[in-house]
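Just so it is clear, A, B, C, D and E label the chains in written order, and each chain counts residues from 1 on its own.
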Amino acid sequence: MLFQDVVFWILGIVAIGAALGVVLIKDLFRAALLLVLVFVSVAGFFVMLNAEFLAVVQVLIYAGAISILIIFAVMLTKDVQRGNMPNRLQVPAVLFAALLLSVLVIVAVDTDWNLISEEDQEKVSLVQTSAVANIETEDLEASGLTTDSEQAAARESGLADLLIGDFVLPFEAVSVLLLAALIGSLVLMRPRPPGSTS
Amino acid sequence: MTATVFVPAAGAVTILLLVKGDRNIRLFAVAVALADLVLSLVVFSLFDQSEGADRFQLVDKFSWIPSESLKANFFLGVDGLSAPLVALTGLLGFCAIVASMHVKLRVKEYFFWLLLLQTAVMGVFSTLDLLLFFMFWELELVPMYMLISIWGSGRKEYSAMKFLIFTILGSAFMLVAIVAVFLTPELGTFDMTQLSTKGTILVSAGVLIPLSGLFWLFFVAFAIKLPTWPVHSWLPDAHTDAPTAASVMLAGVLLKMGGYGLLRFNVGMFPSQTDRFAWALIALGVVSVLYGAVVTMRQTDLKRLIAFSSVSHMGLVLIGIGSVGISEGELTVTGLNGAAMQLFTHGTITGLLFLGVGLVYDKAHTRYIPDLGGLAGRMPIVAGAILLAGLASLGLPGLSGFVSELLVFMGAFRAYAWPTVLAVLGIVLAAGYILWMMERAFFGPRRERFDHLTDATLVEAIPLVIMVITIVGIGFYPSLLTDVFEIGLAPMLDVLPGGG
Amino acid sequence: MSAHDLYVISPYLGMAGAALLVILLDLVVTRKGLLPIFAFLGLIAPLTLSLIQAFDLDDSLNLVKGSELLATSDPSVLLNSLSVDRFALFFNFLVLAAAGLVIMASTDYVRQMDRYQGEYYGLILFSATGMMLLAAATELITIYIAVELSTMPLVALSAFMNTAKSSEAGMKFLIVGAISSALMLYGMALIYGFTGTTTLSEIATSVGNVSGDIPFGNYALLVGVMLLMVGFGFKISSAPFQMWVPDVYEGGPTPVIAFLSVASKAVAFAILLRVFFSGFFDVSLDWASLFAALAAASMIIGNLVAIGQTNIRRLFGYSTIAHAGYILVGMAAGVKATGADGSLPEYLSVGPDSVLFYLGAYAAANLTAFFAIIAIGNRIGSDRIEDYAGIARRSPVLAAILALALAALIGVPPTSIFIGKLYIFTAAVNADLVWLAIVGVISSVVSAYYYIRIIRVMFLQPATTEERISTPPASWAALGIAGAAMLFIGIAPGFVLDLSKIAVGPLTP
Amino acid sequence: MSLEAMLIIAAILFAIGLYGSLARRNALAVLMSIELMFNAVNLTLVALAKYVAPFALDEDLAENLSGVLTGQVFAVFIITVAAAEIALGLGIVFAMYRNTESVDLTEVAELRN
Amino acid sequence: MIPEAAIWAIFFLPLGSFLVIGLIIRPFFNQFSILSGLLLVASLGVALVFSVWTLRSVILGHEMDFEVFQWLQVGSATIELGLLVDQLTAIMLIVVTGVSLLVQIYSLGYMKGDPGFSRYFAYMALFTASMLGVVLSTNIIQLYAFWELVGVSSYLLIGFWHERPAAAAAAKKAFIITRIGDVGFLLAILYLFLRADDFAAAGLNAFHIPDIWQAAQPVAIGGVGALGGAALTWFALGIFSGAAGKSGQFPLHSWLPDAMEGPTPVSALIHAATMVAAGVFLIARFYPVIQQSSDAMSVIALIGAFTAVMAATMGLVMNDIKRVMAYSTVSQLGYMMAALGVGAYSAALFHLFTHATFKALLFLGAGSVNHATGTFNMRYMGGLVRHMKITYVVMVIGALSLMGIIPFAGFWSKDEIIVGAWYSSGLVDGWVNRLTFIMLLVGIVLTAFYTFRMINMTFHGEFRGGIDQELADLAAADLAAVEQAEQERANQAQPEPVSPLPPLSASPLVGQDAPHEAGHASGVHLAESPMVMLFPMLVLAVAAVISGYLANPQWGEGFGIPRHWISEFLLHGLEGTVPVLAGHIEIHGFSRSLATLSTVGALVGIILAAALYMGRRESRSRDPLEAAGMVHTLLSQKYYVDALYENVVVRSAFYRFFVGIVDWLDRNIVDGVVDTLGWIFRNLGPMIGRAQTGQVQSYGGVIVLGSLLIILGFLLS
């Protein structure tokens, strides 16, 4: 537990610090690099939260693809060095963010969450982890999943199964969405027609 | 009945699509208006006045919105209250068209709108479905707006907009009221024939909006249209800047829609509330009468002057309706009959006044009273017509105005004697402003630049003559109308607390 | 996925397929003028499939649960995420009609583009896919994806014109959309966190067990629902989430804006109805007051600010905000306090019913207006209201149709929106929201002022040039169909009224 | 480490992202801030997935075991959509840059009252 | 027995003439306009014959119960049109048709050549018809209708030369002032309707005049008692208010002198037989009701007497011959009212009858004078006796009759009034009787004075130039006025602000001395008038001499006419109206002492006037009465009543102040609120719209702020 807590606090401080850097540092390029750091620390959180698969995706897609995309974009536009200036809405923005934060904190603290009971926690961790790992039968039994049907259910309810099972429709839809977004992006990147002025 | 309502609209569309050439359009419009006049007179004469005849006659009814949640019908028909008003609309519509023969600007559109307007007003008077009523009520706005803002004069766009906003505001209130009436479990219908007989039920019914609220919602809409003080301020502007025919229609029939609504809805459907708030109607009526008359004194524009006098005269309608607030004795139909008569007679009288003033303006190119003077010598027909209308409006016996004013006063005197005395003073003021107007504009030495004025031509004189005949005819034989009105109003009397 | 599942989602597949097809055909076809025809024909597939589903639905409430045509024994995997019911199909048809008309009206505009014509139609169809999906979605993840799928192509289309204004519009659309969808996601997360599920039916059960003093019974639920509302508020363009609307309306291509204002708004209301009535009905007394407040704010702000506008599309941006307000009145009118202490919600079907009817009526009227604006704007090359001077002389029919559409937007009988407003306000009075109905009718009066100003400019002010305005046949067709629908709904509203009444059946909690 | 702590961390990230998206002039910085917000939401979802009981967990665990993964599935979709959003966003940023020679959102304000 | 149709014919003949002239002759045959005059004369002639026939029928006591026609149903009451023919009606018919006929004949000559000849006769026909309608009406609303028609036709006639501002203003003034009086009348009618149910309960019709008589009789004497108490007094005063307006009683008298703006025959008709007589007739018509109220009777008596004196004083100083006679008319009407008030019912009506003859005669004479001199200003007349002998003679006859010199007609009737005032009838308190008596006596002196002055200034002495001289003087005065004004302007540093108000009417102060009918009679041609004008005058002169005694012989039954014939006749009619008549109206015999007293009074007046005016050569320059200074000014300014009405009440208090305020309110408050609301709506939008800065992040900020506010709102609620 202690180890976990230490990691948690380190990750938390890194994530928050890097995030502050992203929004405060004037150099856009460095901000983009700090964003990668945020992404990576969030991936770390994911690992701690039994979401190993997500952590991988996070690193691959966010830290890898998206960040690189952004960094390219940053380099393609002018004023990289001092491109991240604040606008006139700084004060209200701080105010709004702080207010929203306090609301969210109140929600987090004051809500009577329907927490998983201690005895079930173990099973849930197993199932969630099973998304990326093969689970031994004794682990299942150790966590209290003793019957065959329960074990079978635990094995089948992997993330991938869900994506082509219960969530197949959003899965298909999001592929269309990606396609549409790419087409849209493509169209927008087209050069200006010759002779036209803004 | 349907034909009477829609002949003008059909004519309007025909003009828009088929008829070419200004001259043909004019003649065709006259023909359509004449046909509709004949139809409306036929409607009036077909109205069965015998004992035991149906209350609503010449009924045309088709299902329009079958849905249960908005069950509305296309439902036309007349009763004793609306039959004379339909005839009035036909009459004034014809006169307005004939008086528009000189219009040169955008002739096709002009007659299109004018005829459409006639359909709308006819519809308002003859529909028996609340929703349809509201549709016609709104439909009338567009042509009027167009007529004022395109063919008007002065600050025409401002006036047109003011007219529009005022009326829409009023009808907004009415819409809420209509909806609430429809949703009241005991009523639950747009059918006005049922509503008017269910009026008594409403005394005790628990409804969404308190009954008094419904009453005032309707009242606001109609009071704006009437118009009554203090929501009259659209009227002088609209009248002043409208073209002659539009003024005639506006004063002659559009204002009557307000009075008709008050009688049909406020009295007919909320008898208990009408009784309860009769004092307020009387108060508003008396203020309108006196205030309108006093402000009229100050006017220097002929049309504006007549417009304010309309405010004054429409106050009498309110007083007539307020007569139901009788405290002792048996309620008679007199006051309501007076109010209804006032609608009709004021329609003819003001129509004639505007026709005459329109001619003056066409020929003398000014309506500013200090610039006029001595016109009677050059245009005796016009001056005579205006004088006759003026005398009728100040309640000269033998002319139509007297009958309605007398009935109103008689009815109201029984309920509210002292306010009525004040209102009677209004007719002295009427004598003041009418005669003073005559003196300044038509009598006195003639100005040189008016030496070549010509009197009304034969065509121009036709509407004048028609109106004069109507005014004198009603003055001599008012029973022609009062009997019919009484048939229409008697059922309302039965549901009023003081009556039947 | 079974055949039955494929059958259930076939309209969406058909629509997405049509989108792809158009884009692919763009690569091979040289006569770009054929593209709109392809796109239009592409609509036939989803239309046909929707029709089949509509007839198939005769007896059952939800096709996902089982259909006559393709019987299935296994429970469908789509059961959580989708409900293909009459409600969804109503919006399928609405979206299809809007998409078809917009494609017709776009031809003239798209023809001026040098490239990417196929993509234009493709993106519209993609967006339509998302919209249809949104109307049927019953699960938060699906809802989110559908929202994004319907929005993103529109974002791209808003920036399509490759001009400064268009790009700016797209950028604003994107950023505001992203911020609000982030907030919405947070709200969904909180709802998920509290209820442990993303399926509306299960959320409903969960919410039903909540008890607490504060509204919605619980902080997580309260904040979650509010943040969820941000996303929906953005889509329906209600105050205070409306700020992007006028800018995008002014900057984006007009046909896209037409589609945005009609179809996007309609399905946003669809999902709003679906989520709140089937997911959160037990706390409906809480959100009903929210909707009432938002409705009033939208009507007032939209109508007041519209008064001063000089750009017609910007004006329509504000107008659409105001209309969102009217429709929200119907939302708020769907429930009524009942029970001994007035704490129990009573479902009033007339509220959602009026929303659906109004959406249909508004679609007809607003499309008519926009098509007229497209036809006029393409020729006079301006959106400024003052440049509309004398249109009545240059093209009397266009001017008349636009005037009629504007009158409809005011709510003048006998046009569609008159019945719509009547119905909405009827519902409001029915739900004891008389004050809201009065705010509504008075703001309608205010709206008359600015709509009439356009009519006045067209009819009363002299034209600067006598040149006639020519309009291509496709635009005429779109204009004619939309205008006819507008008048038809106004004069004989029975048909659409019946449809909307049937369509709200599945919403009954 | 607890649910509350996780949620608060996520909320802080979200607030920072919100601040950034509201207060930065550069369009790319704003896009980055929005990504921060999406990440915060993901974090929230995953944390909730771990700690909060899925719907009807108590009734029959075997039938509802997949429920414990819903939050993670949601996060997967959000990541995907975020990728799409960034792609489209960059496209628009480039289009805007080409048309206005600027990626400064304060300067790009031609559309206003 | 006279058939009903014949009585209707009396009314319809002039009305038909009006229609024929107005609708046929005037529009289509205007070149034969003489036809219209002849037509009217002929029809009035026939009407006169029928009137005589009616009188005969009444005298013979035929049953005069006629069918009524229902005109309008109002509630429980019915308005029915019909004829009411009794003794009063019969006498009035003779007066109206007779005088009217003579005036029309006179007009044939007087109006010759006027472009509005046909129009004139059309109006005249309408005027006569309405007056006959008043007389014949059996229903109070019918009566009211004709009553108003009399007002309108007088409006048309007074304003006949409408191009003259003074005429138009006078017409308007006449109409409005009589209308003010009519409000009382109308309210009285409304009160009747209020009690219609009570009437109906007694089987009566609230609007039927004989029924009203019945209703007013107290139950104690066998009446119905539906009307009574204070309400009856108010009702009576309402009736009187209408009568006072028409008959020019104080304070509604000021229109009558101005009404001289009409053509002179019109004045003759208005003043002698129709309009002003209508007021007296109205009181007489409702006498069975009014006499039930002692208070109302007192008011009538006192106002009548006061009017008699006040009008006479103003008559003293007028220089316009028609104005002198106008005030004389007001004064004489005061006599009649006073007589009615004290209960001398038949005396009043007898005086009405005789007055009709001699006042018509005097007016026609004045017209004749004007025909010769072109002016009505007596300061420009004089010496006409040499040129117009016949006119002179008939005028003197009329004047003597007016003064009440035996044996002229006026003497007899005035004497009856004096007698009636002297003897208390018990209807009013004694002091009312005495006060009335004294005032009437004073009035006799004054009457004699101004009448003598008038005759003297007109006919005696040197001729002073007529219209020509007057115009020359006016021009000089204008010149002087202009010079004076310029001088004043030069003196004043700042010009006077020009009043934005148009003048309400022509100033009455100027009107007095302005040339009348200048456009009509052009120039001076001193000669006798043509025969067509002289003939009616002669007829009237004969009547003015003999009618007094013949109609009401005091001493015996000479000429086959019973003693006190007309008085008895009328009183009989009054008694016939109701079963039992309250009070004790009786006919007093001729009183030698009182007759002497009144004759002495008249002689005193004559002597005073003769002393002042006889033998003065230069009476143009200065009137001897001007020596009275302030008093003279007060009188010649008509006690400032006109000025009070027009300048203070109407123009300043009402028009400038009250109307101004209301108008200001209308423009700035009622309309201002609307415009302000519009302004707010138009500007509120842009103010909100200003938040739309184009900054995309502010939009996001608003979203966040909005949701925060909503959450906050929920938490607070």
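Methods note: a residue touches a chain if its C-beta (ideal position, glycine included) is under 8 Å from a C-beta of that chain, and two chains touch if they have at least 3 such contacts.
It should be emphasised that the depicted structure is a prediction, and the values quoted were computed from it without experimental measurement.
Student: Kindly list which chains stay connected to each other once chain A is removed from the assembly in thought.
Tutor: one piece
Student: If you apply the touch rule, which chains end up adjacent to both chain A and chain B?
Tutor: Expected: C, E.
Student: Name, by label, each chain that touches both members of the pair chain A and chain C.
Tutor: The shared contacts of chain A and chain C, listed by label, come to D, E.
Student: Have a look at D-E versus A-D and report the one with more C-beta pairs in contact.
Tutor: A-D
Student: Using only alpha carbons, which chain's centroid is the nearest to the whole structure's centroid?
Tutor: B
Student: Compute the distance, rounded to whole Å, between the mean C-alpha positions of chain C and chain E.
Tutor: Once rounded, the distance between the two centres reads 78 Å.
Student: Cα centroid separation between chain B and chain C, in whole Å?
Tutor: Here the centre of chain C sits 43 Å away from the centre of chain B.
Student: For chain C versus chain D, what separation do you get between their C-alpha means, in angstrom?
Tutor: The separation of the two C-alpha centroids amounts to 25 Å.
Student: Give, as an integer number of Å, the spacing between the C-alpha centres of chain E and chain A.
Tutor: Using C-alpha averages as centres, the distance is 104 Å.
Student: Where in chain D do residues touch at least two different other chains?
Tutor: 14, 17-18, 21-24, 30-31, 48, 52-53, 57, 70, 73, 77, 81, 84-85, 88, 91-93, 95, 98-100, 105-106, 108-113 - these are the residues of chain D that touch more than one other chain.
Student: Residue numbers in chain C touching 2 or more other chains?
Tutor: Touching at least two other chains: 141, 144-145, 148, 152, 155-156, 159, 162-164, 170-172, 175, 179, 186, 190, 193-194, 196, 223, 246-247, 305, 308, 449.
Student: Going by the contact rule already set, what residues in chain A reach two or more other chains?
Tutor: Touching at least two other chains: 87-89, 92-93, 96, 100, 103-104, 107, 113-114, 165-167, 170, 174, 177, 180-181, 184-188, 192, 198.
Student: Which of the chains are touching one another, listed as pairs?
Tutor: A-C, A-D, A-E, B-C, B-E, C-D, C-E, D-E
Student: Once bound in the complex, which stretches of chain B touch chain C?
Tutor: It comes out as residues 64-67, 69-70, 131, 134-135, 138-139, 141-142, 145-146, 149-150, 157, 161, 164-165, 168-169, 172-173, 175-176, 179-180, 182-183, 208-209.
Student: Which residues of chain E touch chain C in their complex?
Tutor: 681-686, 688-689, 691-692, 694, 696-700, 702-707, 709-711, 713-715, 717
Student: So in the complex, the part of chain E that touches chain B is made up of which residues?
Tutor: Within the complex, chain E contacts chain B at residues 70-76, 141, 144-149, 152, 155, 159, 162-165, 167-169, 171-172, 175-176, 179-180, 183, 186-187, 190-191, 193-194, 197, 502, 504-505, 655, 658-660, 662-663, 666, 670-671, 674, 678.
Student: Going by the contact rule at the top, pick out the chain D residues touching chain C in the complex.
Tutor: Touching chain C: residues 14, 17-18, 21-22, 27, 30-31, 34, 37-38, 40-41, 44-45, 48, 52-57, 67, 70-71, 73-74, 77-78, 81, 84-85, 88-89, 91-93, 95-96, 98-100, 105, 108-113 of chain D.
Student: How about chain C: which of its residues touch chain E in the complex?
Tutor: These residues of chain C touch chain E: 171-172, 175-176, 179-180, 183, 214-216, 222-223, 226-227, 229-230, 233-234, 239-241, 243-244, 246-247, 286, 290, 293, 301, 303-309, 446, 449.
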